[in-house]
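As structure tokens, the structure follows; a few thoughts come after it.
Labels A, B, C and D are assigned to the chains in the order they are written; within every chain, residues are numbered from 1.
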Amino acid sequence: MPAEGATVIAIESDSDVVTARQRARELAAELELSSTDQTLLATAISEVARNITTYARRGEVSVSIVEDGRGRRGIRVVATDRGPGIEDIDRAMQDGYTTGGGLGLGLPGARRLVDEFAVDSEPGQGTTVTLVKWSRT
Amino acid sequence: MPAEGATVIAIESDSDVVTARQRARELAAELELSSTDQTLLATAISEVARNITTYARRGEVSVSIVEDGRGRRGIRVVATDRGPGIEDIDRAMQDGYTTGGGLGLGLPGARRLVDEFAVDSEPGQGTTVTLVKWSRT
Amino acid sequence: MTVPILKQGPFLIATIQAALTDTDVLRLQEDVMQQVTRHRSRGIVVDVTALDVMDSFVSRSLRGIAMMTRLRGASTVIVGIQPEVAFAMVQLGMSFEDVQTALDLEEGLALLQARREPGDGAG
Amino acid sequence: MTVPILKQGPFLIATIQAALTDTDVLRLQEDVMQQVTRHRSRGIVVDVTALDVMDSFVSRSLRGIAMMTRLRGASTVIVGIQPEVAFAMVQLGMSFEDVQTALDLEEGLALLQARREPGDGAG
């Protein structure tokens, strides 16, 4: 559960993608995530937010601070859209798989950049990608 | 919706492929698309029109001017055939996927060259590829 | 956010100054090609020191610049990739194996200069 | 549209003069191979300045010429790729990584000449 109110960034254009990753980085800096972890998180957000503009036209990214039961804090990012959804999630998670002429590194790459990663998608309904990066202190 | 009557080029031989891309370039020049954008569009057309001759023998390419709601104009290209159709469109959109001994760059590459791209295909019925390139002014 | 491109002798230097949108990146590609053509440049340095994120789109586009300019007989060197950024790129799966890179502007220019020396006919 | 192929010393120069159909491109491949064999040429320049589109078929075929001639001990250089065309090729995914390129005819010939100099055994 979010420990604080989430910041929500509407994603409609490529400049929103930049805004989303910058907001998350700010929050990550507040939480004293290392500079490297901030960069990994921001890069992952860039990938999933771009997928929104590419495949669903519009959607949103929400960024919030979460806590696990043991006092550890982290950043949770939820990227949601009501676009076409993903037919075969396993396939979409393969390196190099793309239906959009991309590199096909967005989802599998983002997964490698964060601590927790989940994709929920229903064809015709939309897609939600959730990322969590924990503070290491 | 087309703002003006479409120019239709029958595609039956490799010289029709050249004709189609030249017509589209002329129209793009009239619309004052940049020289680079004209080239990107012409290259995309070459790919989808060649697919017609390769996989469906014959078909047609129609080129028209379109407007979005906000006064922006662009070129729409619709390449249609009644050939064998595409079994698995997601697969056909993969870089390097080819059933015809090609490079498998035609569809994914064309997608990267234009602003909007859609493939509709029904096995046994035929294939329609739609491209749009918007004027950037 | 336009990226300034300066001419320095036979080379061009493009210095990215802040986060780029995808549109900015595509413009940079075009601008570099235009300048390379106008000045018949033999080499280009793209300085990415200011980028705090290089995602798959930017990485691919920078590699694209290297490939495009090669088709015009010019070499591109990417300089100033920040350590955290390099780390993230590798995790992401972008390796830049086929792209020349150097630590900073100075080393990038030195690399281009070395390429121009006689006896080296490589691309 | 036949592409004229001229002999200049140990080299051949093929100058494309207008848009080529796929059939024209295949003919060019054959013609080059024939001439390379007849003249025992050591190098070929293919000048594509006049091409306003290089799609995957043309690109692949030109790369094919480079590979075929290499098997006969001759080097091919593609010259005159227009900036917009280079841009489109890279977006398309054709990078010509393994093909020698140069800005124009003069530089292409210089490259072939340099390759012939002793001490350079490169392909």
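Please note the rule applied: a residue touches a chain if its C-beta (ideal position, glycine included) is under 8 Å from a C-beta of that chain, and two chains touch if they have at least 3 such contacts.
From a predicted model like this one, the values you see are computed outputs, not experimental measurements.
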item: Far-end chain from chain C, centres as C-alpha averages; value: B
item: Magnitude of the superposing rotation for chain A and chain B (Cα, nearest 5°); value: 80
item: Chain centre separation in whole Å, for chain C relative to chain B (CA means); value: 31
item: Where chain A and chain D are represented by their mean Cα positions, the distance between them in whole Å; value: 46
item: Centre-of-Cα separation between chain D and chain B, whole angstrom; value: 28
item: Multi-chain contact residues (two or more partners), chain C; value: 30, 33
item: Contacts with 2+ other chains: residues of chain A; value: none
item: Contacting residues of chain C [partner chain D, same complex]; value: 29-30, 33-34, 36-37, 40, 64, 67-74, 98, 119, 121-123
item: In the complex with chain A, residue positions of chain B that touch it; value: 89-90, 93-95, 108-109, 111-112, 117
item: Complex contact set, residues of chain B against chain D; value: 13-15, 17-18, 21-22, 25, 35-36, 38-40, 42-43, 46-47, 50, 95, 102-103, 105-106, 108-110, 112-113
item: Residue ranges of chain D in contact with chain B within the complex; value: 19-23, 52-57, 60, 82-85, 87-89, 91-94
item: Interfacial residue positions of chain A with respect to chain B in the complex; value: 87-88, 91, 96-101
